[in-house]
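You will see chain A twice below: alongside chain B first, and alongside chain C after that.
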Partner chain A sequence: MDSGAGESSAADEYESLMSTTDAELLKSAWRNEKAAPEILKFDADLVQRSRQQIQLMEEMVDEFNKNGVDPLTVSLYQMDLDRTMFLLRSYLRTRLQKIEKYVFHVEKTVELWNRLSKQEQKFARRCAGDLKHHLEQSALSKLPDQYQSHLRQSAASEDDDMIPEPQLDIYVVCRSKRYLGAFQLDDGGEEPVNIEADDLYALPYKSIKPLVESGQIDLV
Partner chain B sequence: MAGASEPQASAFSAAELEFLAEDEMIEIVPNLRMDPLNFISGDFGPFRPQIATQVPLWLAVALKKRGKCTIRAPEWMSVDKLAQVLEAERDSEKFQHLPFHYVEIARLLFDYAREDIPDIYMVRSLIEDIKDVRFHKIGTGLEIISRERTYALRLKNLSAMEANIVRPFVTRALETFYKLSSSEMIQESDHIPNRQPQATNRGPRRQLKDR
Partner chain C sequence: MYARKASELVKEFASSEPGQLSTFNNDLFAQVLEECEGHLLHLQPLMRKIQEHENKLKDKRRSEDEVEISEDERRKSEAEKVILQTALKSDQFGALVHHLSLVRNKRCLMAYIYNRAEVIRSLGWMVDSVLPAEIEEKLSSTEKEYFKNHVATLQSYMSELDLHLTVDMVPPKDPYIKVRVLDDIGEVALSDQVANLARHAIMFLRRTDAEQYITQGGQKQRMLRFQYSLDI
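Let's turn to the complex of A and B:
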């Protein structure tokens, strides 16, 4: 994108990517998911790896307990395990909350739909079905014919205008790990913003979205 | 709609910020012997009595609670350093550099490792003062954005807790500016008679303020 970072940093980027642990990655996925208005791409590989690590660790803690390893050590391992599990659960839960909130929007927008995991898609489908059923039963079926859609105000509406959507033009607070140089906020032809490493900025989510998706900037 | 506030106005709770701060590294001096710990979050140790080692804050606190180590207060938490920061903080409009999680780290150490911090009372009151000065600056900073149109804001050296506190005000204020100047709004206002004509462009972008 229009990050003025240049090619020279590609190697650095690779370097830093390789040295980042999954715990670190999970933490930033969680933060981004919590701070972004829309649902982000499900990080299937990361979740898979984190699950495996948790499972491995659980087995290890059981093993420790059986073998009479010093209870202090065991409790420390357990704490580390609990912290990782908290992150993973909170990450998944934050996503479910977003899906629930914008379920009709997510369901009809292919791009968003593809960001969900298989299980999330299943959840979204059921959630949309239930919500539709509920709306129909409790209100819509009692309205005149032209007002019975759960997606439209009336049959006369040109498009689906009763679907809550996330607002993408809200501002978010973000921080870049590296100097990104001059960054054009939108196509307004205004002065670009210089994004320095490790500094906080309040910027419109819409304009930094590509940077969030490519992992160049973290929401905080 | 301007009024539709998003729940992420306050993205993180204080407890969640503390959770994040607990991953910051700190030096401890163990008084026990323990093998290296190979955690999901990284490898720490080995632990040998009287030999200092770096661990995440949560681990330091856990060991401390059980009386298995002393915690070395970080360098920035000395009376000298803090006095300097406070002075600079008072003299300058800018925010001084402090750890991103300084509020949370200080709080955790005060709660669990009071006897490990030299001159704790002094340190504590200095940090309180620094916090106050900075919050005051945040307040005046917000007045500045409300006077001048701003479309991007640099929050230089603002800490996690501070950013979290100003987030709802700052983001909403910026959103409102953004909306007021967007072309849709201008078109809409054309239909309404007797309204002040609005500027057609967003005016010069505000110099990013070192707030």
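Let's turn to the complex of A and C:
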């Protein structure tokens, strides 16, 4: 699927081409999603393209099977197909699991809500409805009136103070493809970190969040 | 001590194996709910009393402002005000204790259900739509309903995407896996061959073919097992 890249003369050009193939992009989107504590932006185009490629590969493997191509070659293609399938499924699955876990938070926060795909939004809404119903049936409806909200501890609370949220200040391991220079972690007082290309760093997610979102840094 | 039962409830969940459920503790749960009722019974009269005290105090201040009174009377009314204020304070604190206990109880109840719900959701990823009986009997009736609803939600997402997400849970290493057949299935046309899945046979199958038999486990008996018993 990325065989065309192999022809290019310079090795680093080849490298950079390789790192922008959809397979690599999907892999890094998947890795980021796995490592980040909160849900990231849904990459609709990438998912769309990956699915098309998967379909193409499936057709190709079928074709090979019919034409009696060497079974080893076919099984290599099949393996590649399986891997892409797994990446895609796992990517979508990880996202759903995050939505499930912090459904009320995601539903309430506009910024997060807009990161979901249409289908995910539908899923989240139903998911929140199910959970709310479940909480109400099990306990809330049996509590006194002022204490029945599933978002607030009591009617006296000033804002929604009972919504589980992802912890954003955990440390994540990350790596940058390029030299990013001195980077100030936002808790202040500390020395800025020099982010070199291809070095591994363990930094608090909160402070490198903008770099993750702009794709300058990859989580590992 | 207030809210002890609720904390027991949470501790019970916290001490169980992660990812596993113990039987829903109906008794303790109902006791905590009862305790909440009790708190409310204490809380309501206290709130009324607080209101009364506050009104009286207000009246006193107003009447002081309006009419000129002698030194004696002033002293007397000051003393009355102090008494009123202490009564108000003690009622306020009493109410606060009951309110906080109620809130704490509520948080514990919610934590109990919420965390159990999380485990239940994770089960939704592992089995197809029907829970094995030994797990199902541990759930409360609303939890069973929640599981059904949640699985339906998941299903509708997957059918909208036309992509099955509950297979392929472990990264593929090899297109073929070694399986052992647990039940007589007979001749089955697989994507690359026609295989005779006789009981106890050990064979290599395509992952994608084998997985549907492995996850079918929820409905009847598991019919295939990974030779290395990687499954649930």
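Assume the second predicted complex is superposed on the first by the 198 of 220 C-alpha atoms of A that agree within 3 Å, B and C clash if a C-alpha of one lies under 4 Å from a C-alpha of the other, contacts with A are read in each partner's own complex, and residues count from 1 in each chain.
To be clear about the criterion, a residue touches a chain if its C-beta (ideal position, glycine included) is under 8 Å from a C-beta of that chain, and two chains touch if they have at least 3 such contacts.
What you see is a predicted model; the values in this text were computed from it and never measured.
Trainee: Please work out whether A:Y201 is in contact with chain B alone, chain C alone, both, or neither, and reply first, second, both or neither.
Mentor: First partner only, chain B.
Trainee: Report for A:F123: first if it touches chain B alone, second if chain C alone, otherwise both or neither.
Mentor: In the superposition, A:F123 touches chain C alone.
Trainee: May I ask you to decide whether A:L25 touches chain B, chain C, both, or neither, giving the answer as first, second, both or neither?
Mentor: Neither partner.
Trainee: Just to be sure I read the superposition right, which of the two partners does A:M162 touch: chain B = first, chain C = second, or both, or neither?
Mentor: second
Trainee: Contact-wise, after the overlay, does A:F86 reach chain B, chain C, both or neither (first, second, both, neither)?
Mentor: both
Trainee: Could you say whether A:L151 touches chain B, chain C, both of them, or neither, answering first, second, both or neither?
Mentor: So A:L151 meets neither chain B nor chain C here.
Trainee: Of the partners chain B and chain C, which touch A:L46 in the superposed model: first, second, both, neither?
Mentor: It touches nothing on chain B or chain C.
Trainee: State which residues of chain A lie in both footprints, the one left by chain B and the one left by chain C.
Mentor: Shared contact residues on chain A (touching chain B in one complex, chain C in the other): 75, 79, 83, 86.
Trainee: Residue numbers of chain C touching chain A in their complex, please.
Mentor: Contacts found on chain C: 29, 33, 36-37, 40, 99, 102-103, 106-107, 109-110, 113-114, 117-118, 121, 125, 140, 142-143, 145-146, 149-150, 153-154, 156-157, 160-161, 163-165, 167-168, 171-172, 174-175, 192, 207-208.
Trainee: Which bits of chain A are touching chain C when the two form their complex?
Mentor: 51, 65, 75, 78-79, 82-83, 85-86, 88-90, 92-93, 96-97, 100-101, 119-120, 122-123, 126-127, 130-131, 133-135, 137-139, 142-144, 147, 150, 153-154, 156, 162, 164
Trainee: In their shared complex, at which residues does chain B touch chain A?
Mentor: Within the complex, chain B contacts chain A at residues 4, 6, 8, 11-12, 19-20, 22-23, 32, 34-35, 37, 39-42, 58-59, 62-63, 66, 68, 151-158, 160, 163, 167, 170-171, 174-175, 178-179, 201-202, 204-205, 208.
Trainee: Enumerate the contact residues on chain A facing chain B in the complex.
Mentor: Residue list for chain A touching chain B: 21-23, 27, 31, 34-37, 50, 53-54, 57, 70, 72-73, 75-77, 79-81, 83-84, 86, 166-167, 169-173, 185, 188, 190-191, 193-194, 196, 199-204, 219-220.
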